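Structure, as structure tokens:
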Amino acid sequence: MSDKVLMKGNEAIAEAAMRAGCRHFFGYPITPQTELAAYMAKKMPKVGGLFLQAESEVAAINMVYGAAGAGVRVMTSSSSPGISLKQEGISYIAGADLPCLIVNIVRGGPGLGGIQPAQSDYFQATRGGGHGDYRLIVLAPSSVQEMVDLTYLAFDLGDKYRMPVMIIGDGMLGQMMEPVVFDDTKGGGTGEKAWATTGTRMARKRNIINSLYITPEELEKLVWEREKKYDTVRAAEVRFEQYAAGDAEYIIAAYGTTARIAKNAIDTLRREGYKVGLIRPITLWPFPNEAFSRAAKTAKAFLTVEMSTGQMVEDVRLSVDGKVPVHFYGRTGGMVPSPAEIIEKIKSIAGGDK
Amino acid sequence: MAKVTFLEDRCKGCELCTTVCPKKIVVMSKHRMNAKGFHPAEVLEMDKCIGCAFCATICPDAVITVEK
Amino acid sequence: MAIVFERPKSLSDVTLHYCPGCTHGIIHRLIAEVIDELDIEGKTIGVAPVGCSVFAYNYFNCDMQEAAHGRAPAVATGIKRADPGNIVFTYQGDGDLAAIGTAETVHAAARSENITVIFVNNAIYGMTGGQMAPTSLVGQVTQTSPYGRKTETQGYPLKVCETLATIQGTAYAERVSVDDVKNIKKAKAAIKKAFENQLAGRGFSIVEVLSTCPTNWGLSPVEALGWLRENMMPHYPLGIYKDITKEEKK
Amino acid sequence: MNQTSELIIAGFGGQGILFAGKVLAYGGMLAAKEVSWLPSYGPEMRGGTANCHVIVSDAPVSSPIITNPTLLIAMNKPSLDKFEDALVPGGMVFVDSTLIDRQVKRSDVRVHYIPATQLAQDMNAPKLANMIMLGKLIAEADMLTYDEVKTGLGKSVPSSKQDLLALNLKAINAGYGYKA
Amino acid sequence: MSDKVLMKGNEAIAEAAMRAGCRHFFGYPITPQTELAAYMAKKMPKVGGLFLQAESEVAAINMVYGAAGAGVRVMTSSSSPGISLKQEGISYIAGADLPCLIVNIVRGGPGLGGIQPAQSDYFQATRGGGHGDYRLIVLAPSSVQEMVDLTYLAFDLGDKYRMPVMIIGDGMLGQMMEPVVFDDTKGGGTGEKAWATTGTRMARKRNIINSLYITPEELEKLVWEREKKYDTVRAAEVRFEQYAAGDAEYIIAAYGTTARIAKNAIDTLRREGYKVGLIRPITLWPFPNEAFSRAAKTAKAFLTVEMSTGQMVEDVRLSVDGKVPVHFYGRTGGMVPSPAEIIEKIKSIAGGDK
Amino acid sequence: MAIVFERPKSLSDVTLHYCPGCTHGIIHRLIAEVIDELDIEGKTIGVAPVGCSVFAYNYFNCDMQEAAHGRAPAVATGIKRADPGNIVFTYQGDGDLAAIGTAETVHAAARSENITVIFVNNAIYGMTGGQMAPTSLVGQVTQTSPYGRKTETQGYPLKVCETLATIQGTAYAERVSVDDVKNIKKAKAAIKKAFENQLAGRGFSIVEVLSTCPTNWGLSPVEALGWLRENMMPHYPLGIYKDITKEEKK
Amino acid sequence: MNQTSELIIAGFGGQGILFAGKVLAYGGMLAAKEVSWLPSYGPEMRGGTANCHVIVSDAPVSSPIITNPTLLIAMNKPSLDKFEDALVPGGMVFVDSTLIDRQVKRSDVRVHYIPATQLAQDMNAPKLANMIMLGKLIAEADMLTYDEVKTGLGKSVPSSKQDLLALNLKAINAGYGYKA
Amino acid sequence: MAKVTFLEDRCKGCELCTTVCPKKIVVMSKHRMNAKGFHPAEVLEMDKCIGCAFCATICPDAVITVEK
């Protein structure tokens, strides 16, 4: 364990990635992920690692593809418009079963939008903004410490399942400072990747990194096999936090920044006697369906709070499957909901019912 | 006879105009501050102005009008 | 007394958001002056980039479109092809034009799109806080080249005019500067020529303008002009790199 | 209930707003408290307004966003205008009276006027008005002790710049000891 | 009404677009949309229109942005990987409230995948593969005639609501020939677009096409206003077809190519006495939620059939909201399900129950 | 009797899928011969493009990656940076390299990525059935220029070597052809040089190979060689456009 | 029940498989029937196998994909191998016996052997084996009449190529009249 | 004395080899067809072969081996 230090979320991800053995970063500047790249630019050369500013997000994600295919731990980071540009590349990475870390510090959209915090890329992250049947593991930290912990985890999961992992944050998480501790027992690197293009050294059959399967039978087989892998991930890697949820009659669903605000609201509501709790998905994919469907047996209603016009709410509805009402409260375009707004919303849902 | 006028509230105090005036008459106001909080440029010895518009040409904020 | 210099009509009457002494402002004014002189405001459509000049759409009185980062030449192509009688210009930074927008720039030139491109080279990404640009100089310290741009990992600065001059569709490519009054006048003449080329249907014209970024260079506006002269100009020589009107004459 | 201080520091860019917040956050952290630090960011990073939210608490911090601060340091007029009404009743506000020429209107909060910018100029350290305000803050509010902040300062200043450390401390002391 | 002619789906879209007044096409070659672009290349010059082969899909979609902003009817077409590359541009078009037509002739994915028919870009099309809160109207023809009719409709809806419209097909629909009739009373063009950048002619205030709103309050306002527009579209523009659905106990949900195959299966099943019907969404967004929730009151179960590992099935589940089971049968990677497979699946769901 | 010519070892022992007489096959073999001669098969990683040569990953015995359309130089950058001791080459068509991949190409050159690019210019999009390429000649009839490439709307053919030669990071750029035995030998020498440059750490090397597409040109393989000579060569002169080893000597 | 013919034509690329299908589809359409035409496409477009699915029906066509054809024209051996088993019982298969040296194995289908490639070569029109097969098809099967197919052919051949039309018709006639 | 051998089943009948042989001895087989359905190239008058390997050099399908 290292000392506790105060760090910005963006920098914490960068530091954690390097400690997790990531020595290759390819990116293109964009607000509000700036500090992440700046940190990498400064620190990577000190450990013999590579920070490379690509000519574009498209180039960056394809450099990631190449490096991931060559077997190293590699990452990129960007924000919403830049992540949109990476969609073809991400689909290729998924289609070639390569591990890597993609960080999206989400900003308000669509289009050029704004640079304030948002959660309106949830669909893109969880449904595949790219083409074809594929998934990313999507991790949604809600504190700087969790940004660190999930970064280690991201690389491990990526390597374990040979799939791309996304960490989704927002400008608030990226720019805020909190104390963090780096667990140096974690990370450190790359296991054996027998499939990687490291050069045959005339000692093995050649390796091929590829996503083209011109025979539909072959492509279908592969896609279903991958789907099986996804089922394994669904079974083994769901992560979520419950907060005052045990006896809750009203359950708030929120992740990341909004989950923190929801906690404030819950504290106040509990003090006033409302039985309110929180289920906070940490993995947005795989989504904690069961946690919600279990809670649906006892809760009277759900309230999904998002910084979007309503995206994760669909996953909550799919989990709750009509058993009890699922409400929605959203702010968007860079606006952050306040505890007061959530409190009011819960009260209106509960009626007088404490 | 020439005259320059400054749209003073647009001035950002960058000093570029002061470097190009052949007569060295464009100076930064030491004490006045405009609405934006900048010390604006000004010409005190207007009679020396030859109306060359160099100051206006280099001003990035189109602050200056020149008459002759 | 008559007015010998005033704010051009097609520059809207608002305060520019640029940092004090940033020469983006000069370049804006020159474009507006040219639009006024050619009397084309009513049929001109400008395309703003993503970069410090992203709000350019607020600064010209003509119709404007805001393009995605790097895509201004493609957006301009769409506009021009929708009505070839209109005059279309883009205003782009070096990150916008020479990094993410490389393909759009090269192919607008190859197609000889009949548009005018104003390319503001300040050797840095201004808007995002001072990262290395494709045009940053070797050794230049930026947020993403904190130890100075190193050729081994970060390569060499791109010379856009030199490269575009090799493309047959480029009608006109000139590099100018706005570091002093003489150069500003030349810059304006070049911009005017680039618009006149479009009026005459000559095809793709680009004017590269060396410009300052006092904020991210960490210099005062006056110092920044000096840095431009001493560091940028030797690497980016001013001059005409291609001009089909001259070739025609030959 | 837990003891929680929620402080907003607000002023111009360039006044060291973010740094002052960082010193406090470090101080809290090293005193084994829970802390968070949140800057405002945006297109107006250069020039324009800046503020930061600092929470120091005995319990884990939920949201780092402060809607109703218990403490406010206002280092220019727009900041006071913006945040005065949000202060909790019984909260405390520190006003840089060199730059703010009006009084605080609320009567349900405690107010401290410090001519910090003037004091800083007098000390020949015009950039350290922020530390003077900090000194006064710890003298009056129950957020962190002098020693805790001193430790926080030590962590916030790179070890290569020890002279800076001394100067900052001097400014904190000036604020700490300031009596209107 | 013109004569009946035999035409490939890809060509039929091109012809219909031109008849609808589209004179600007920007695209980049890709299989299996090839015939569409080839047709345009041949025919556009004959009517004074423009076929422009861009340097990439990214350039093409941004040319579309520019031309749409200049007020003309404009389109692009591509296939899955190319559509992924257009995501940033599509988000910009939506963010600037511009109308245009985007055709996706879907192929197997992810990555380079294959070139056989697939429906695995459903999520991308309906959830926004790009960033931010935005929607496309997504039209899913299942015959060549419908490709024609929906192309007219696409331009009209786009102009009416100032939003991008996507037509989603697949290689089978694109390459097959069927008789079509062009309704010449439709189309013909562009109404007045007062917002377009056509040059002020010194006769009006300048127009600005833009998606940047740096103040979050302003951006949020705009996004919610757009969401209201989307609500109007949800209320007014849902389109679907019912086939033998009136008394059906088992309802198949399928669109495009799979819907046609489902009809074959239904014919056979009906002959055998199974009460099976089809609800075929024609608008994938807005999704015909009500048609499904209404049917859920009488049906015993639903079966969603897709050429994907399961994407539209989520919308069916959201519509049915837990009232009855929603099953799924999918082929993917370019494989097309056969009627026999669907028949078997329905029989296994029904048990002996006819 | 000794073998004086045989199939190179690093070319895998399968039938190439190319159309009869398509010179992609010759270029493949030359690369394999060079890999054999330099004895680098075990440390070479090739990058296949999207284009007719998409299956190149099946044809070389070394490790291979299949890149997205146009992104081979970026993918190669990732591979090379992961282990700079390895030898990395891309194999790209003219659509891949000079249209959609323009930015990746230009910036791999600008960074002077220490990789080898084999650029197959056949003036057409082969794989997708014969659309116009950035290198299609003026007047050339293709599926998307059915009335012949017109400069007014479709612009001018790009000369990749000429353009890349203006970029400081380009170490070596040569245009060769495989239309006859003499030129094939020169082509091989150029390819060898491009690999040797990488071994010596000289940076970005590109060999542009004029190649045929009998199928989409609508000619027999033998006629296609003639068309290449008569139409492509005049517009795309063979030769060295940049060679830093020569400049070094100067 | 409605009358529906589901035909697969299969062979090498270059044999005019797709064109033959188009002639039938046009014939059906102009005879006011419902029709669909679906080519196989894929990476092997140049060379390799080609086939197309043609449906002509009195009722609207659901799926254009034919799983179990009622009619099959096989113009090379791999095609016969591939589709023979899929034919419906009682279906009909037309075999180009020049290129296919084996007999049809199924006994529950009607079989017609036509040495179409040979006949075409004899006619000095080696590319028109497809039309000869078509002639035989309409002579034997109840899909479309001779006149309907003739009309379809007229629509399928550009009016600029009338000599081609005559030649095609000659080949259709040859097949129509062919007796083993 | 020189000898060329053809991996005949790989030959696609493109005829390129026939155009470069200085001895004009590489010809297309008129009657034989390989497994792929192409008329392969062949050398009938092998004794005239000088082992220059021109044929092999231009063959896109690496069909030809030359010995000398």
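Order as written gives the chain letters A, B, C, D, E, F, G and H; numbering starts at 1 within each chain.
Basically, a residue touches a chain if its C-beta (ideal position, glycine included) is under 8 Å from a C-beta of that chain, and two chains touch if they have at least 3 such contacts.
Since the structure is predicted, the reported quantities are computational estimates derived from the model, not experimental observations.
Taking the definition of touch as given, a chain qualifies here only if it contacts subunit A and subunit E alike; those chains are C, F. Across the two interfaces under comparison, F-H and A-D, the one joined by more C-beta contacts turns out to be F-H. Comparing the CA-atom centres of all chains against that of subunit A, the greatest distance is found for H.
Each chain gets one centre point, the mean of its Cα atoms, and the points for subunit B and subunit G are 87 Å apart. The centroid of the Cα atoms in subunit C and the matching centroid in subunit G are 63 Å apart. The distance from the centre of subunit D to the centre of subunit E, with each centre set as the mean of the Cα atoms, comes to 55 Å. A separation of 39 Å divides the Cα centre of subunit G from that of subunit H. Touching two or more other chains at once is no residue of subunit B. Residue positions 42-43 of subunit D are each in touch with at least two other chains.
Contacts with at least two other chains are made by residues 19, 54, 66, 68, 99-100, 102-103, 106-107, 129, 134, 153-154 of subunit F. Interface of subunit E with subunit C (complex): residues 24, 26, 50, 52, 54-56, 58-60, 62-72, 74, 88-89, 92, 96, 197-203, 206-212. Interface of subunit C with subunit B (complex): residues 1-8, 11, 15-16, 18-26, 29, 178, 180-181, 184-185, 214, 220-222, 225. Those residues of subunit C whose C-beta lies close enough to touch subunit F in the complex are 99-103, 106-107, 110-113, 134, 151, 153-159, 162-163, 165-169.
Residue ranges of subunit C in contact with subunit A, taken from their complex: 50, 54, 66, 68-70, 95, 99-100, 102, 125, 127-129, 131-132, 134, 143-147, 153-154. Residue ranges on subunit H touching subunit F, taken from their complex, read 1-3, 7, 10, 12-16, 19-20, 36, 38, 51, 53-54, 56-62, 64-68.
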